[in-house]
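Each of the next two complexes has chain A plus one more chain, namely chain B in the first and chain C in the second.
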Partner chain A sequence: MTVNTPFDFAIETAGLTKRFGDKAAVDDLTLQIPPGCVFGFIGPNGAGKSTTIKMLMGVLRRTSGQARLLGFDVANRAEKVKQRIGYVPELHFIYRWMRVSDVVGFCGSLYETWNDKLCKELLALFELDERKKVKHLSKGMVAKLALLIAVAHEPELLILDEPTSGLDPLIREEFLDGVLRTICERQKTVMFSSHTLSDVQRLADRVGIIHEGRLLVDCAADELLTGTKRIRIVLRDGCSPSEPPDGTIWQRFQHREWQLTVRGYSPASVEFLQNKYPVESVEVTDLGLEDVFKDYIKGQRALV
Partner chain B sequence: MGIDPNSPVPIYQQIGDYIRSAVAAGVYRPGEMIPSLRAMALDLTVNPNTVQRAYEELEREGLIEARKGLGMFVTRNGTTSAQTKSEQAVYSAFGQGIRAGHAANMPAMHIRATFGKAWKDVNTERSGK
Partner chain C sequence: MRTLIWKDFRINVIVLGYGFVCLIGLTIAFAAVKIYFDVRFNETVWPWPDTLVMNGSFGLAFQLLTVVMLGGCAVAAERADRSAEFLAYLPPSRWTIIASKAIVTIGAGLFIWSVDLAIAYGIAPLTGTVSEDLIIFRGSMIPVLTTTAILLFGAAWCASTFAPSHAIATGVGIAAPIALLCVLMGIDYIFEPRAFDLGSWYRLLSVVLGIAAFVAGTIYYVRRVEP
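Moving on, here comes the complex of A and B:
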């Protein structure tokens, strides 16, 4: 009866690494996601998002490092812990020959805490026809069914791997609505990977950016936006930039114009530039999540 | 109301701005209840924690207050407080315009003249309605 071991973090990894041959798909990843947090996990294709999630779910074995979900090591998770986690994989494994009602009945029998009322509500909200066979469902319908069977047992922790990719905007909104309904009811921890940055903006209160297996950023979503700014300065003739201010994640110099994206921006960043270079004019602008994300990745690629 | 998830303005601020302008405009009057966290989160498709953060800020400003077990209500001075905040927003929008002028190396006189022109055009547009 030691199921409820106390834990400070719903998801916790330390030095988590996965190698495929020489290549590290996930490299020394350390994450601490507190209970109640909605964590948006973003990165370009092949950055290691799915590999990380698969290791957390025990689908893929780690090469080294630690990983715990709800305080339990993912390598030897007991049945009881699995009952408290919901998972929507990148590819949905749902028997195609089953009817929706069979899928729901089958999954319901696996979980002690399966909530029939919630299940019925979600079937109605998602407009899922119980008599239909899975193989006759559209992509969006399958995605919604996958979410339904991941949340109807009211898990404490929900892990979603690119849940909204390839869905049309209306189905996406329904899907997010379904996720929100489960978050609203009880304090739940959610981790989801996505390429749809507007969805991340809507749902996540914490954002992680991963690139080539390494975690570049892990911070509060609001702080990432308010603390990152683009500086555009125009330099006088005959002068070229050398040293950027602290926190510069990306820069470009083109025809007198020096653009810099600075993380942890403060007026001191501009003063630094003004003291160091003959500056014609300065402009500072805010950035949306998409620009912040792109500048991080482009900045990393320029380093290579 | 709509949220722009691509905007550089954090979502909690967008929600705060919306409630402030709704109170200033009289959509919600002093003593009236504003939507619950859950209703607002589902309506806007945003994380309830984000709505909560917006509400906490509005509470600190004295625009809304919590009544135990009931929800959030507009305070007695809510409308005035919202109008003051709206004035600040207008002030910062003007500031942004002035800074954009400086960034483009416009002489001060030109910036002033441009403000005058915008002032005239907007007022003509409004009176034309």
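Moving on, here comes the complex of A and C:
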């Protein structure tokens, strides 16, 4: 999807780093997300997803590197950027004493482009009772209110940090429908992090995998899924593998069975293995995003 | 800005409620005691001007707690319940956010303070002649209370910009005049015979330190990135 904008990338980071003492929570992160892209940002707990997003939102000081949103440096033009961004955090800290109508009025007055009509539509769609206080709303309803606040000013960029974490499947579905509606109707750029990889596979057209602060993968979701395969080889007795083919991200050898996950798979990968080892049988299978993600992380942990 | 002021007013509504109750409650209490004694002893034990001077002066003493709580809650109350994080993702600049807090807290503090001052200095003389003793009492008490209030507010405000909770910030505010007094008394003790007027120095330093703490806290808040 391409959108005409005065900037090349809706989100652009270069060497973005955040250190807490000696530990790098985000290490030299370089990302370029074009306008109109739905970017799924995934990684295990503590990988640096939320830290990255907080730096992007300008609420966490970066140790080094650059971050630009919609062409603006976040550190210098935070207010201008925030007018054009919608953000849904993992945990919602909306003023608990406010009524839903108060929250809507409060936020509406702070955004120059607040769309009252859209806001009313979303209130109805999400079945939010305007008279209820935030403290009396369920977790799912608060998440929906947060999404409403994030999209009612029609932002050019929507950033979601594990927005469906802890929500029941029904609410999660409604929430994702709301996000999808925003993406489809208005062709927004979306960056979202999630542990629910089925959601990421459903929404994202580009995927980034982060592990221990470092970006392992940043590519189109289709390319990642079609280009990554699991090869299962049974070797003859007495053989043990020594050299995997190029692009191997994870491997395991048990008895005579050698399992490999290869990125950038081509039939040449299998030919390489068949020429090098006495192979009894070969099987190549497709992987879902969840398996690809797990194999990347397991592969990295094995390296360590 | 208007909605931010409304929000800050709502956040401080309990503290402001305390201030308002002190203001009204003490006035009613002093008036009730005066009327009771007048009726009980069938003569004017406390004339109205003296009652009002005491009302205004003691009112200010009670409002010290209001002032320090206003300063302590200014920023840290939102940090304590993490609503500061919600606010941080919204567009207003940190200058706008802190300006709104300053308008609400200083505005409310000044209003409460000026009402008590008006009772002690403005309304009391209108009702008759204030006795000599109470003029001296008022003249010594009110400047100390006012300068202490400036220090209390400034220190609590400053602590509020970095403390994780408003209780800590309020505690720092309360500790500030006590610490200043201890330091001055220590110096006074070391340099016997008395080398300086402790009261004057206390009042001067309270104002200077209070304003300095307020300015430092404000600058720190604006420069700070984290909510």
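Just so we're on the same page, the second predicted complex is superposed on the first by the 298 of 304 C-alpha atoms of A that agree within 3 Å, B and C clash if a C-alpha of one lies under 4 Å from a C-alpha of the other, contacts with A are read in each partner's own complex, and residues count from 1 in each chain.
To be clear about the criterion, a contact is a pair of C-beta atoms (placed from the backbone, for glycine too) under 8 Å apart; a residue touches a chain by one contact, two chains touch by 3 or more.
Only a predicted model underlies this, so the values are computations on that prediction, with no experimental measurement involved.
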{"item": "Superposed partners chain B and chain C on chain A - clash or fit", "value": "fit"}
{"item": "First (chain B), second (chain C), both or neither touched by A:A204", "value": "first"}
{"item": "Touched partner set for A:G58, first chain B, second chain C, both or neither", "value": "second"}
{"item": "Touched partner set for A:H92, first chain B, second chain C, both or neither", "value": "second"}
{"item": "Chain B versus chain C as contact partner of A:E79, first or second or both or neither", "value": "second"}
{"item": "Touching partner for A:L287 - first (chain B), second (chain C), both, neither", "value": "first"}
{"item": "Of chain C and chain B, partner touching more chain A residues", "value": "B"}
{"item": "Partner chain(s) touched by A:N115 [first = chain B, second = chain C, both, neither]", "value": "neither"}
{"item": "Apex chain A: angle to the C-alpha centres of chain B and chain C, given in degrees as a multiple of 10", "value": "150"}
{"item": "Overlay on chain A, chain C to chain B nearest C-alpha distance, Å", "value": "26"}
{"item": "Residues of chain A contacting chain B in one complex and chain C in the other", "value": "none"}
{"item": "List of chain B residues in touch with chain A within their complex", "value": "3, 5-12, 37-38, 41-42, 44-50, 53, 99-100, 102-105"}
{"item": "Chain A-touching residues of chain C, taken from the complex the two chains share", "value": "2-3, 6-7, 10, 81-86, 88-93, 225-227"}
{"item": "Complex contacts: residues of chain A adjacent to chain C", "value": "57-61, 78-79, 82-83, 87, 89, 91-97, 105-107, 109-111"}
{"item": "Residues of chain A touching chain B in the complex", "value": "36, 38, 173, 176-177, 180-181, 183-184, 197-199, 201-205, 221-222, 225-226, 232, 280-283, 285-291"}
